[in-house]
């Protein structure tokens, strides 16, 4: 585990390439802050028993979501796991809708029908958050197949964790995408732990995703998942390749989650000092410093942070005021006709 | 509406009436107590759920009835007096305490069968994806005898007392056909009850009698009958018969009867009026290109009507032979189903009994039947105002108005008259 | 009118729909070049080309996942799972994914896909390649399930399935592939959710599905000739939605219910229909509803053993006769 952090720190994954343009950089920063604030807020609301059930937070993993989202075009499709709040927010879904869904309110993204693990906004290209490990990798292949078949230029981006690399559907999907040369990019967020167990103990090779790439004829790609710009560059390159008919890519982002696997997990299995070490490489800390370095005024940065906080406060109040979902939602949308009839 | 014995506990299957708070003829309002019942452990007042008049009480004080049995009938306000069973006669009311205790709601006379409406599926509702029947029809086992659910329902709808039945199902289970049989028996016992015992002997009813009862009841109930009568002058017809028979060798037994000639004439008449040579087939009318005519033949205990095919073109001799053969086989019970099937019309002749005139009942699926009376000498007016005697035969045509209207029936009879009176010699 | 085999009817149905709509695509193992393991898709590659008719690796999860992703984003995929026993290998997609995504996303996501699969016994393939598994998917809310018994029904119901905006599981019976039937010319579209009374009768209702349909019909003939029992035979055809109007309508007229199910005893499709009838038509039943099924055992391979365990015509006749006559 120590070697993981030092590899990331040394920037071994950094892609030498274009400088991220300043407008885009501000946008990325805003995304990072919004994700952080929203996830923190979700944490607090859970403690207040306003967010029920379970929640899988991305605190510490914001840069992967923000960097990839920045590289996506409108029309590109993203698929993520139950740890999907970050990916949903990064694609522009209003935070009020996300919090509303977590709180089971009528103003939620799916009006309370799906919950935290299934955030979906077709309008924004967020084609679902999937709670069964690995299920969405072949689904992303299918969406990419459609683009290929119809000659459309969108890319399907599929996010998953390190644990997913050991399940059957991962292997089926990688092989499938490779042989059909589908415009799909697989992004593995390696946060070192597969639920409560270190991934290294559970995987036959050192790099759970990149270590499997060659099995499918793909290049191993590892990137510092805490550096949003690094993620951005690597992602953009992979998306361009897919878009131009070059086929799929598999990207492994080295990252870390501050909280437990889910809200119910206090993560006592971490070794002493590991969390503190990773907090030194906090994505927002890194990006903030880089903005200041590149000449962005502190006031501009602070304004973004204030805006986001206000947005979150407003969203929280709106969600608290919103009522529960209407009872008749129980019976809607089982079938395409809007109903649930299984008999005549 | 029927007031039923309620279920006063989960394992209870009968209740005893303790008190009646109302009497027959009283007005009742919803919520007013009608009677009080008692089971092994508890007693309860039973209120009315409707407004109306208490029309009938079937379970009296101190009598017991099974759960679900009809205890009373209320004629609801604004509704017609309940069409269900009229009060039973005194013969039917159990007279002994023991009988009462054996849970007898007095057997009601059979209500007209409440035809169950055809099944209509309903759209599923939230938390109600399958629909439980709205009411129950009593316990599955009463007095040690099982009843199928369908039989229980039939018994309730038709007012049949389950405790009086023996079941024909497995383990003596009462099944639907036992209820249907009981309905018939109940009707029979109702009728017998109207007559003094000892004044009659009961004759069994065989399959032929049952078939006649069923078919002719159905005919009268479903076919709109009307009747046309004419008198035929049969001098010419009788002369033709005489002539044909006298041309036979003297030992010949195969002599023509008047009826043989009438069958031929009728066949020709039908053929001459094609629109009457037809039968009703629900969505269409079948118009035949030949005329098959049924001939009513009396047999021991009943009547059969075998069909002479192609009576319009067959020779009278062949017709005669057919009829004699049918009669012989009918008496020997050797007729086949095919002999009795089809036909567009039939002839029934009671002339040999001296019957002057009668109307017959149409045999479905045929559309007419010709009732032939006796040949009689009757006075008729002469053209110059005097009186003479003519040889007349009265025939009455019963018509199915769905196929044969009045004018068409009259046309058909006119064709017959024309053949019989003007062209008898063509009956060959 | 033409006489077609059940397997040719499959190809005809797929071709009919692919000709009509360029968004209909077809994927599965050995379906393109080889024309299908059961030769049910012969000629389709030639007619529609390799972009629309695609062979896949042995990756059932990928097949169904890809079908779902394509359906979510605008295509109308037909996915083949070669043997219905393999539904177990990719069951997540039936149980958790395309059956539920419309509901969970509050109507945002649609999955207009068809999964065709070879179901049933009688071909001596052994326990893992002979099962009747309609109940595995009938029990999952959000799916539609059909199982045709004749070539004409194959074409019509496949067309209806492809055009249906919901995910449909289409069970073809392997042992019915060589059977023949009359199929009208031209475009055929049937209706999901409809059963068919193949033989009207008044003494008992016999519900049957797929391979059990011809057996129920033969049994009904024998019951009539040998015992004077007049049975009404209903081809259930659609398990979800259930045509309760036809099925319960029949039972309300005959007052006796029998099911003939190829699946093993516990929790077969007939259990659900009997349960519905027992509740809704309790006071129309003149005797206990009876299910005639394969016993609750894995299927043996040897011909004489396999032939005995599935409901036979004789077993159906004996059961109905004994029940109606005791």
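So that you can tell them apart, the chains are marked A, B and C in the order they are listed, and the count of residues begins at 1 in each.
We take it that a residue touches a chain if its C-beta (ideal position, glycine included) is under 8 Å from a C-beta of that chain, and two chains touch if they have at least 3 such contacts.
As the structure is a computational prediction, the values presented were derived from the model and not from experiment.
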What chains do chain B and chain C have as common neighbours?
A
Contact pairs, highest-scoring chain pair:
A-C
For which chain is the distance between its Cα centroid and the global protein Cα centroid smallest?
C
Tell me, please, which chain's centre (mean of its C-alpha atoms) is farthest from the centre of chain A?
B
Determine the centre-to-centre distance between chain B and chain C, using the mean Cα coordinates as centres, and give it in whole Å.
47
Whole-angstrom distance, CA centroid of chain A to CA centroid of chain B, is 81
Using mean CA coordinates as chain centres, what's the gap between chain A and chain C in Å?
41
Enumerate the residues of chain B that touch no fewer than two other chains.
121
When you check chain A against every other chain, which residues touch at least two of them?
340-344
At least two partner chains per residue is the criterion; list those residues in chain C.
244-245, 276
Residue positions on chain B within touch of chain C in the complex are 116, 118-121, 130-133, 136-137, 148-153, 169-170, 175-176
Which of the residues in chain A come into contact with chain B in the complex?
330-331, 340-344
Which residues of chain A touch chain C in the complex?
77, 110-111, 113-115, 118, 120-123, 127-128, 130-132, 134-147, 149-150, 156, 168-169, 172-173, 175-176, 179-180, 329, 332-336, 338, 340-344
Chain B partner contacts - residues on chain C that touch it in the complex
244-245, 248-249, 251-253, 255, 275-276, 279-287, 326
Under the touch definition given earlier, write down the residues of chain C that touch chain A in their complex.
25, 51-52, 54, 56-57, 59, 61-75, 77, 92-93, 96-97, 101-110, 112, 141-142, 144, 164-166, 193, 240-245, 276
